[in-house]
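Structure first, commentary second.
The chains carry the letters A, B, C, D, E and F, assigned in the order they are written, with residues numbered from 1 in each.
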Amino acid sequence: MYLVYILMAIGLFFAFAGTVGVLRMPDAYCRMQSSTNIATLGTLGALLGAFLYAIYLKNTGMAIKILFIAVFIIVTNPVAGHAICKAAYKRGVKAEKLTCDDYGRDFPNE
Amino acid sequence: MKPSKFNSILSTFIFCYLFWIIFTWTFTSQELITGAIVSLLVAILTSRFFIHEDANYLFNPARFLNLVLYIFIFLMELWKANVDVAKRALSPSLPVNPGIVKVPTEVKSEYGLSMLANSITLTPGTITMEITEEDNKNYYYIHWIDVSEKDRTKAGEAIKGTLENWVRRIWK
Amino acid sequence: MTQHLPILAIISLFIGAFIVSLIKEKNTTLRNTVVLIVTFASLIFTLMMYKPIIEEGNVLTYWMGNWEPVQNWAIGIGLEVDQLSLFFGLFISLSIVLSAMYSFKYIENETGKDKYYVLFLMMSASVMGFIFTGDLFNMYVMIEIMTFASVALTAFRNNRPEAVEAGFKYIAIGSIGSSLILLATVILYAQFHTLNLAQLAGEMYNNYTVASIFALALMIVGYAVKVFAVPTHFVAPDAYMAAPSSISMLFSGIVNKAAVYGILRIIYVVYQSMNLPTMQFLLIFWGTVTMFVGVTMALAQHDFKRLLAFHSISQIGYVITGIGLTTALGITGGLYHALNHTLFKGLLFLCAGAVFYATGTTDLDKLGGLAKRMPQTAFIFLIGAFSISGIPPFNGFVSKWIIYQATYEAGYAPVTIVALLVSVMTLASFIKVAQSAFFGQLPKEFKNVEEVPLSMRVPMWIMAILCVIGGIVPNIVTKYLVTPAANAVMNASRYVEAMMGKEFASKFYNNLGSAPVIDYKLAGYWQPISWLILFGVLLLAFTLVAVLGGFNPKHFSYADEEDAKYDVFFSGESSEFSHVAGSDLFWGLKYQFRHYFDFMHNIHSGIVNDYALSVVFTAAVILLYVFTFVR
Amino acid sequence: MSKKEIKVKNYIIKTAADFFAPIGLILGIYVILHGHLSPGGGFQGGVLVASAAVLIYLGYGYEKATKTLNVNLLKKSESIAALMYSFFALLGIFYAANFCRNVFYNVGKPGDLFSSGTIFLMNFAVGYKVLTGIGFLILLMFGLLNNEEA
Amino acid sequence: MIGFVIVSILYIILAIALLYRVFKGPHAVDRVVAGDSVDILTVVALVLFSVYSGRGIYLDIALSIAILGIIGTLLISKYLEGKL
Amino acid sequence: MLLMNYITCILLIVMGLYTIVMKKNLMKIVIGMGLLDYGINLLLISIGFKAGGTAPIFTIGELKSDSFFVDPVPQALTLTSIVIGACVTALALSLVVMINKHYGTLDTDEVRRLKG
């Protein structure tokens, strides 16, 4: 039982950190980095907590579904992140003080 | 190697049927039979998309085991990276040092490439922007929140860690 | 079998729509056959309901899926057909058949014929569903499908920019209207937890709350948008003008009528013990403004179909005035005028379509002299024009006369005067159309136009004959069609009783009285037979004079020939083309009232925001009015 | 400008489309068929299935998507589905009851897949109609966009 | 098990905080990123609420959002890329 | 809590009407139509709500003896209304595309060939 609470607390913490990151980070790319933070541990924690609780209730169907929701979120989110990042770059969104920019060197924006 | 039609449909069918069972989660005969019919239809429709090279990749037990192990290792990596980024986001001075680096990789197959790319994207702090091919070698372009190494190979090791080897064990 | 008739009348059209979309576009014969069969089936199903409903006076209720009311609580969707519904249903299904027949040739050269028929049948089916349903939300759904199909049909000739523009304006304004109706439905559901019209009427009887009055106002504005009453009418001329003529006919014939039906149901059945005099004043005022603005705008138009569209608005003004009177005579007049309007306005739109089919334009400035090349169309057009402007032996006169008398009797003498004036102006504008499209000189480029094909003339002739019949034997028409419908309007308790059972309806005692069978000997000096005799005598005299006086039709010939000096309306030059164009005929009148016309032109700005603003403004005014005067 | 030839590979979105197309289809059909037992029903499931078409479009582009999904066939089957719905509704009249009557309603016990008579079939018809209709709409709109560019 | 409700409400509060970025975001990309995160947080809140109320049917909805949330983001990013 | 819903609905409806009346871009007018729809849909859903009620779907084993449903009718109505709204939006958008093709602009002040 305590494990469930701990997991949920972890999830909340990371979701909170991610939210703060999205709100605070200087440019769009760094915000994306932070948003993956939300998507991974922020959700995983809470979903695993719910999963354990569902097992504790002996509700197997529910537990399996929760697990697969977690899997789907984890699998879909990077695809979206990748697509949006690429789109941002193609769109010419300004990035703050890039240390190095291999991509811009190889694919100059016309 | 071109996958044979029957094998690809069969593996897609099993994949679909698994999901049907998960969605319904009631084991009456009606549900199971309907699910079989539906999965067969879906398998015939989508097998040409779903199967890329090898029709029975996951039926190889070693690969399957690797996949399961990979999940745990990946979770470890995830934990580390998450803590790191959370620290950065919450610290008052926002210590970021972003950049886009080009990283070579050894993975060849489509599923493997995108799996590794997704794993990289999922670990906070890095996002794959593009996969390209130069001289029969694949490269990732990765946006990295804290560029500590500008050299390609070293940066690649810092980012990919041990993940690449695991991915290569699952896919080609 | 009898109980299934309403649903069959609706579903046959829907099934026809789905079958038509399966047929290949090139297969014209099969598609036309299916359309004809389906529309005829719907007409026959509707006609079969005539005997049990109008003649025997039953009210037919039908519960979808046998979900009948439990403990006086309607839980299912019900269809209910009483005399009023059937009255509307009859002429609507008739005009659907005629329009379908007309479209076969008319639409021949367009692309996307299959889509045309699918949308056509969808629109017809939704109108039939709207008329026969007994459920508030179903009414919303049907009117929304109707708007949807109408918009798609308006934009049917999508290679013309005007059509697409009109379609967009129509959908923007129409969706505001439907949203208002939906909002009112929601509020009523929240109040009374039912959607059935009959049960709503019972629950609401003498039990009005602020919210239900709010809903009434929203509902009236919503249907007014659909009926194109004046401050919300801006989109109507655009839509009527851009749509194919067979569809314009349906717009004025059935879409408008469906909205009129909605207003009737809401005011007389659902809110039947509403504080009637104030609602009466609102509707009469609104109708009068509508008819006046419509006709004056029509005087200034120089496009055939746009002019007809403004006339349509004006005639709907008569209908609204009639049904707003709440007296038996007024409702009879309003309903009769609705029927007549469907006939003669459909006829006129079909004539416009015939002109378009033959010449490729409807601009009155370019047309002229078509009577020589298209004599039948010209003749039919004259019948329609006489009907709409209330010339005696035609049906328009009868219904207008009833409305004049009803308004005068109810103490609204100024309305009577305005209505008469509007009638005169209608005649004036149709003189303009007749003069510039069918008489005068024939332009050279239309020298080779030919009469439209038979399948287009047949519907026109049918409607023309019905117009004449409606004018010659009004007694029969009123007795067997209009009066039962008016009776059904006046006695809402029968509607409730048939739907919810006697026990539930026992709350109702206020039968407003039954509509009288109108005897035209008492009601004014309208004697159809004597007028007919007069007409015949005049015709005989004209023929005699023509024959004895050596009248030679060969004098009428083309402008570029030698003996063309009698051709021209008032000038003798044979060499020039001196046709009086449509926009010039009333320039003196227009100059005198130029401030008014300038104002009206500025209001019809063509900007969709302004149109939407006028709808919102109307809603605000009506809300204010209803809250001030209706308790 | 780079000297070496660099091939861009859109593997990520493509593989995602490959991976999720069967899952989306299965989920959609599950929602359609369990319309009487769980939230959802014909419309929602139909939309879910149609989203698989979007995924294929995203992964492979318009050409491949139209090659896989025959637009004309979609259009036809939409009308067929509507006819199916009308037929199931008319079954009520054939069984001497009213329109839309659920005629086989007492088959099976509650909770089973085939326990609701015609509602199941009607759900299926609606789902079929919606998935073909929305799929058709989506392809039509993307086709419009592609033509705009060309 | 009231803790689940509290946690799901906290998640919703985080989602509402993210709406600030959706509204303000200097570029469309920021809005999309924040919207995506809102999507995911909503799924989590839905799952937690479902577990709390013990009804599996809410999970179906969460499942659909989880699978379909990607499509909107992908479409918008394709549009921004100019390749739609 | 429910009052919040009603306020939001009215806000959405007013925003929708404002957008239709004031914005000079055809796309924004379509968005305004959508807003109007959503406001009404939200209202429709809210009126069926009962405090403590659960979703009106009967599943075996998940319901306790004291659980009760919210009103299912508004939910069905909302679904219908959403479907209709989606169709209207699709049609309006296609018309906007056509207008853009013919007129080359989306400004309502330019799209006024029919007037008077």
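The rule is short, and it goes like this: contacts are C-beta pairs under 8 Å (C-beta built on N, C-alpha and C of every residue); 3 or more make two chains touch, one makes a residue touch a chain.
Computed from a predicted structure; not experimentally measured.
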item: Steps in the shortest chain-to-chain touch route ending at chain E and beginning at chain A; value: 1
item: Farthest chain relative to chain D (centres taken as mean CA coordinates); value: C
item: Identity of the chain that, by mean CA position, is farthest from chain F; value: B
item: Closest chain to the centre of mass proxy, which here is the mean CA position; value: F
item: Inter-chain centre distance, chain A versus chain F - centres from mean C-alpha coordinates, in Å; value: 30
item: Interchain centroid distance [CA atoms averaged], chain A/chain D, Å; value: 30
item: Whole-Å gap separating chain C and chain D, where each centre is the average of the chain's CA atoms; value: 40
item: Multi-chain contact residues (two or more partners), chain C; value: none
item: Of all residues in chain E, the ones touching two or more other chains; value: 54, 56-58, 60, 63, 67, 70, 74, 78
item: Numbers and ranges of chain B residues touching at least 2 other chains; value: 23, 117-118, 128, 130, 132
item: Of chain A, residues touching chain D in the complex; value: 75-76, 78-79, 82-83, 105-108
item: Chain E contact footprint on chain A (complex, rising order); value: 4-5, 8, 11-12, 15-16, 18-19, 22-23, 28, 31-32, 35, 38-39, 42-43, 46-47, 50, 53-54, 57, 59, 61-62, 65-66, 68-69, 72-73, 76-77, 79-81, 83-84, 86-88, 90-91, 93
item: Chain A-facing residues of chain B, complex; value: 22-23, 25-26, 78-79, 82, 85-86, 88-90, 94, 96-102, 117-130, 132, 141, 143, 145, 147, 150
item: Chain D residues within the chain C interface of the complex; value: 75-76, 78-80, 82-83, 86, 89-90, 92-93, 97-102
item: Residues of chain F that touch chain C when the two form their complex; value: 13, 16-17, 20-24, 26, 29, 33, 36-37, 40, 43-44, 47, 71, 73-74, 77, 80-81, 84, 87-88, 91-92, 95-96, 98-99, 102-103, 108-109, 111-116
